[in-house]
Amino acid sequence: MSHKAGLPPGTLVHVGTENTSDVKLSLIYYNSETAEQKLQLKIEECSQYKNKEGITWIQVYGIHNTQIIESLGKLFELHPIILEDIPNTELRPRYEEFNDCIFFTLKNLEFDTDKTDIRYEQISFVFGKNFVLSFQEKESPLFKSIADRLLSGVSKARARGTDYLVYLLIDATVDNYYAVAEHVEDKIEELEDRVIDDKTGKSLSEIQKTKRSLVVLIKTVFPLREAIGKLLRRENPLVNDSTQIFLNSVYDHAVHIIESIETQRDILSGLMEIYLTNISNRMNSVMKVLTVIATIFIPLTFIAGVYGMNFKYFPELSWPLGYAFFWALCLACVLAMLIFFKKKKWL
Amino acid sequence: MSHKAGLPPGTLVHVGTENTSDVKLSLIYYNSETAEQKLQLKIEECSQYKNKEGITWIQVYGIHNTQIIESLGKLFELHPIILEDIPNTELRPRYEEFNDCIFFTLKNLEFDTDKTDIRYEQISFVFGKNFVLSFQEKESPLFKSIADRLLSGVSKARARGTDYLVYLLIDATVDNYYAVAEHVEDKIEELEDRVIDDKTGKSLSEIQKTKRSLVVLIKTVFPLREAIGKLLRRENPLVNDSTQIFLNSVYDHAVHIIESIETQRDILSGLMEIYLTNISNRMNSVMKVLTVIATIFIPLTFIAGVYGMNFKYFPELSWPLGYAFFWALCLACVLAMLIFFKKKKWL
Amino acid sequence: MSHKAGLPPGTLVHVGTENTSDVKLSLIYYNSETAEQKLQLKIEECSQYKNKEGITWIQVYGIHNTQIIESLGKLFELHPIILEDIPNTELRPRYEEFNDCIFFTLKNLEFDTDKTDIRYEQISFVFGKNFVLSFQEKESPLFKSIADRLLSGVSKARARGTDYLVYLLIDATVDNYYAVAEHVEDKIEELEDRVIDDKTGKSLSEIQKTKRSLVVLIKTVFPLREAIGKLLRRENPLVNDSTQIFLNSVYDHAVHIIESIETQRDILSGLMEIYLTNISNRMNSVMKVLTVIATIFIPLTFIAGVYGMNFKYFPELSWPLGYAFFWALCLACVLAMLIFFKKKKWL
Amino acid sequence: MSHKAGLPPGTLVHVGTENTSDVKLSLIYYNSETAEQKLQLKIEECSQYKNKEGITWIQVYGIHNTQIIESLGKLFELHPIILEDIPNTELRPRYEEFNDCIFFTLKNLEFDTDKTDIRYEQISFVFGKNFVLSFQEKESPLFKSIADRLLSGVSKARARGTDYLVYLLIDATVDNYYAVAEHVEDKIEELEDRVIDDKTGKSLSEIQKTKRSLVVLIKTVFPLREAIGKLLRRENPLVNDSTQIFLNSVYDHAVHIIESIETQRDILSGLMEIYLTNISNRMNSVMKVLTVIATIFIPLTFIAGVYGMNFKYFPELSWPLGYAFFWALCLACVLAMLIFFKKKKWL
Amino acid sequence: MSHKAGLPPGTLVHVGTENTSDVKLSLIYYNSETAEQKLQLKIEECSQYKNKEGITWIQVYGIHNTQIIESLGKLFELHPIILEDIPNTELRPRYEEFNDCIFFTLKNLEFDTDKTDIRYEQISFVFGKNFVLSFQEKESPLFKSIADRLLSGVSKARARGTDYLVYLLIDATVDNYYAVAEHVEDKIEELEDRVIDDKTGKSLSEIQKTKRSLVVLIKTVFPLREAIGKLLRRENPLVNDSTQIFLNSVYDHAVHIIESIETQRDILSGLMEIYLTNISNRMNSVMKVLTVIATIFIPLTFIAGVYGMNFKYFPELSWPLGYAFFWALCLACVLAMLIFFKKKKWL
């Protein structure tokens, strides 16, 4: 994001991993009676929908092409700040009101089961009285069922305003978070089973990795909750009262996800504690048994050393049962030690 | 909860462990003079109570049957968001105002003494001017005494509104939390006694388990406090001033439970600290005694080794009292060691 | 507290350790001119003071007798919630406004020097325009000086309202907290001296115990501060402006106590750290010296072993100064070791 | 502070270390034209200034003499709560509004370089429209330059109200905190250098001591910030708008000090971590080298033991090069060990 | 900063590292039509711009020369508090409103790759209706592109007020933070790779150092966010509504930087945990292998000692295969040990 430093505000710069794929535009126009879809749309075709009654939803896949964003911005008279924010994939979830439109941006999450990592994608919405523009990095099936239901006419959105459509889009994205959160929870449950018997030390790095996944999740959901909260509370004429009750429910979902992430975090710290205690417990038990063995043999070795001495006048050495006496001594010594250890419960 | 992703809002999906038992409905109708109860109610019978003066309380046991919820919803003209929330057992305690009714959901807790675990059940209330609907997962005796007192006429609720009945229901549920919290406290007290002498390492996992029980408790009570707070502060005409003083007292109970959970948490961390310090203390004392034994014998073994050498010219070996001299040397050595250790207070 | 579950609201249940002692009532009636006291009061005698001008202060010792509370409640027309809260010794400090009276409850603390433990007792006040009711578990000298000053006429309270009397009662209780806090501070200072040389491990459990005392203190003072704050800010006609400046000062005392408890807590964690570091330091120094001894003798034992070998062709053995050479070798070895250890600063 | 328990409010008690030195009063009277100073003032002389136009600043050194405070209080008609608070040196920084005056109390800090400890002194201000009373424990040069500038006429305070004078006094005290904070910072920097090579364990107690100095600092500055904030925000007619901009700057200084204390705290915890890690690192390296030495000699001692055995049929013993073979074996053994340790990077 | 103690407010003192370089002034005057620049400006030349229509931006490089600040202050009638704050390089980011102007101060950060340290420089802005004064410690290219664009006429600022220019300056500074934050992130990533295999203990001090860099960053950005927030919310006539939307975006950048710093902090604590666990893991594995070796040889040494004894009646010694029997015994012993260790998974 430091590449933007020094550029005048309002300069459109794509921030994120480079991308050279084509940009796709598609359009759905609907009102309470009819609905039509235009795939593979060209920008020039959009202008006719600008002042048309009914609602026009333009989906843009590919935000690296700043020219197309600029053209759309000119057409719908968007504020330069909006245009600057759309291609910035590092932007945190955000809600911003403008004169005739509202800008809303969030992140779509996906769990990459191979790398046990979370991938995220920037999604931005701009909506006014009769238009909704949605911007995504790549074509994805996330909003497909919404589009299908709009076209088939079963969606209640047909009879409602652009705010309800935006609610549907936000709701679909947030519902997706549950799947990601559940994947992370599964990972943690798996770790719980493994951590107790782990002798490889691999658990440590996996705990840290999962912790970071949770940080990504919370950094996505936390500001989103805030943004939805603003959408709810600010009495913008673009947001109808009847939609607020639905937004309230999305808000609650966000809170729910945040809470379950916090719990997972607690569980992870618990796991970390168990892991560390296990390491030291295992080490301790190793040291204990080994030291016990050493301690038992040390006096024995001393005794053997004693009878290996070369004193001329050494009574035991000439005893007929001297050797047997030695073994008896050793046995007594070992038994005494074992009894002592048993009593102290070190064995 | 990720199963709901992709479905349009307003779709009723049962979230939770599967359940195929029958759904039971029962109804209590009362006013200040009379009261009647209908068990094994059918949905069609409800319609006659809809506009009847007096208060109708319909209890639904079994929220997995979304059809019955939908029929009741249609009858009492409930908002689709309410209907969507009722069968969702993962929902956090929540308060929501609608045009003619209030939706309130919380969790009933039960301590499973066998598994030393907390089980929870979703309970939802919807109440308007003359009706209260309560939804539970399973038939339970939780609200039985309230129903009995309503029917027998001793309850003050007979002369009051639906808000007072809902207060009674919430109060009964919250009172139940005390029992659960006390079970957990007993568990912690038991752990306190055990942790000091624990040599098995079993305490560690039990401390972690109890910690998690506390997390479940706090995650239930915390948002509930918030929800009751909203019920209190929002000046909804459905909630009378005279009921607010009672709700205030329930609110205080919730705060009380939260505070005692926080204390229990502190005690648990203290236990964890004691446990860890005990482990290292015990290990240290083992190591210390063992090393002391080893250190005492090491010089002795050296001395024995010296007199085991085969030098031709070796004066001590031919001394008549050489062997006695050796033992005297050993004794002196051991005594010096013991005095040194005593002085350093290592024994 | 779980015994109350299932009972209808308004049922008076004594929560706390059982108590069968008699309940004592005493009454002080005063106005700016006169003051009289009635000890060993009977409930029937109270009724005549109900509408009398001037201020009536009824002290009840013993809150386990719910009948007497109920009678007083009826007489002064108290709300059932008040009556339910008075015999509940588990209640947290609380302020509640009612139509004609204010309910205020707090805890009196006492430091039990024998068990180094804090005992607490529930105290409740109910005051209206011309009456103050105070409820305590046992007869205690806490409010005696206030009563004496009222009767002797030197108290400014004679010319002021019930709010000033309640202020005096709260102030006396809070002043008492300082003594308890100072006892705990003394205990901590004593621990500070002991912890550094502690070899018994007793400090650990005492630190934990003192920590818990602080938790009890803070759990008592924190909600009390809140309750006094409400008394201050809510503009209840029962609380005069001139009293508010005094309440402000009690509020500040509560904040002061809370702050000093927080400091004590920090000191305790510091002590815990010192204790743990000391344990490991002492252990380490034990291990170090012991290992140094072992390491010095290990090469010597090896050398002695070498000259104990039975090779036929073994030049050193037949040297006339072989034995002396051996000792020189040992000495050189020990010196080299000692120099090495000194240089590494392990000794 | 527990000595005050049981006394009626409004009783003046000196709380703090006993002090029997004389109380000194001095007075500065000024208006925009003239200024005069009276040292060694007697209380009776004050009365003539009470209603005089212009500003009278009375400095009282010695707050243990409650009689003088009482007399001054009567003269300027101060509220009993003010009089009670002035001789209480345990009071936390505080702002309180009264009818015709404002009470402000804070602490002056001084760093005792000998004991590396912070000493504090209670300072109280009471100011009305035409008077400022300042109370201190001991005579100190803290406000001398302000007095000098007032008398010499270069101070802008001459043309302003009492609020500006109080601002000057507070500002001088807060500026003093910087010196104390810098002393503590120097101490911490010194500790940083020492902690890495510390072998005495002295650092631990010094870190704890410095931590406590920081706690004293923060406990002084935190409530002061709050008190200044109240002085700023409450629109008291005694505080002019033109003074608020200056108070704002003092407020910022307080925030700045708090922030730098927080940083110092973080640095201290970092030091603690480094200290603990160093202890265990040093111990570990000791153990490692020692154990390596032991391990190298153990097999050698075994080999020597083998050739010390007395078997009749023992081929090696009669080899002419048996002894040389033994040393070759030992050398090979040592080399193998060393290579193994090197490869494992334990040396 | 303690050098300022005792000085009257309004005294200009340069706080920071001493600096004797010359002070440079330059001026840019512009309106919607024209723009001109004067480098190497003298203070006297400024006066002609004071009441000129259009916007005058005076850049001052070098804030150690308090005389020049004072002259400028007189010319533009700035409040003494502003003049006092400008040469104070220790000041935290701050926003302050005055009658006809706004004062805004922040810090410019630069990452010193050599010392892996962050350098900071104080920057202050004062702006009124037609003038912007910017004060910096040293000449830097930070605002060069803004000046160039102003002079070349491509900047939208030409047609807007002073608030937009100040926004541009703040934005340029904040954009610069990203570069610094990214440098620190790179450092942390590098540490992540190194920490796992670190055997030198160098990582510890680098982790601590990077932690401190983060503290510097957060202490700069946190109060800045607050200051920008005030600029946004306070409805000062100097800040136009159209500029607020831009300020909002800078505010969001500040929040974004703070969030990423918090994440980096979490990662650093994770690294610290990994580092500490690695130390103890490595130590444990060393101890384990060494102790295993010792334990294997201890019984062997005992056996060798046994057959080194000098008993007269010692059957094994005269066995023809006695020596072979000894080796067989040793082998059996070692195998038994190894099997035992393998089974216990200690190898």
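Each chain gets a letter, A, B, C, D and E, in the order it is written, and its residues are counted from 1.
The criterion applied here is as follows: a residue touches a chain if its C-beta (ideal position, glycine included) is under 8 Å from a C-beta of that chain, and two chains touch if they have at least 3 such contacts.
A quick note: this is a predicted structure, and the numbers were derived from the prediction, not measured.
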{"item": "Partner chains shared by chain C and chain E (touch criterion as defined above)", "value": "D"}
{"item": "Between chain B and chain C, centroid-to-centroid distance (C-alpha), Å", "value": "26"}
{"item": "For chain A paired with chain C, centre-to-centre distance based on mean C-alpha positions, whole Å", "value": "42"}
{"item": "Per-residue overlap in chain D, given as positions that touch at least 2 other chains", "value": "280, 287, 291, 294, 298, 301, 305, 308-310, 314"}
{"item": "Chain order, ring traversed from chain B with chain C following", "value": "B, C, D, E, A"}
{"item": "Residue ranges of chain B in contact with chain C within the complex", "value": "145, 149, 154-156, 167-168, 171-172, 175-176, 178-179, 182, 245-246, 248-249, 252, 255-256, 259, 263, 266-267, 270, 273-274, 277, 280-281, 284, 287-288, 291-292, 294-295, 298-299, 301-302, 305-306, 308-315, 344-346"}
{"item": "Partner chain B, residues of chain C touching it in the complex", "value": "1-2, 4-6, 8-10, 79, 81, 84-85, 90-92, 94, 96, 98, 199, 201, 204-205, 208, 211-212, 215, 219, 223, 272, 276, 279-280, 283, 286-287, 289-291, 293-294, 297-298, 300-301, 304-305, 307-310, 314, 316-323, 326"}
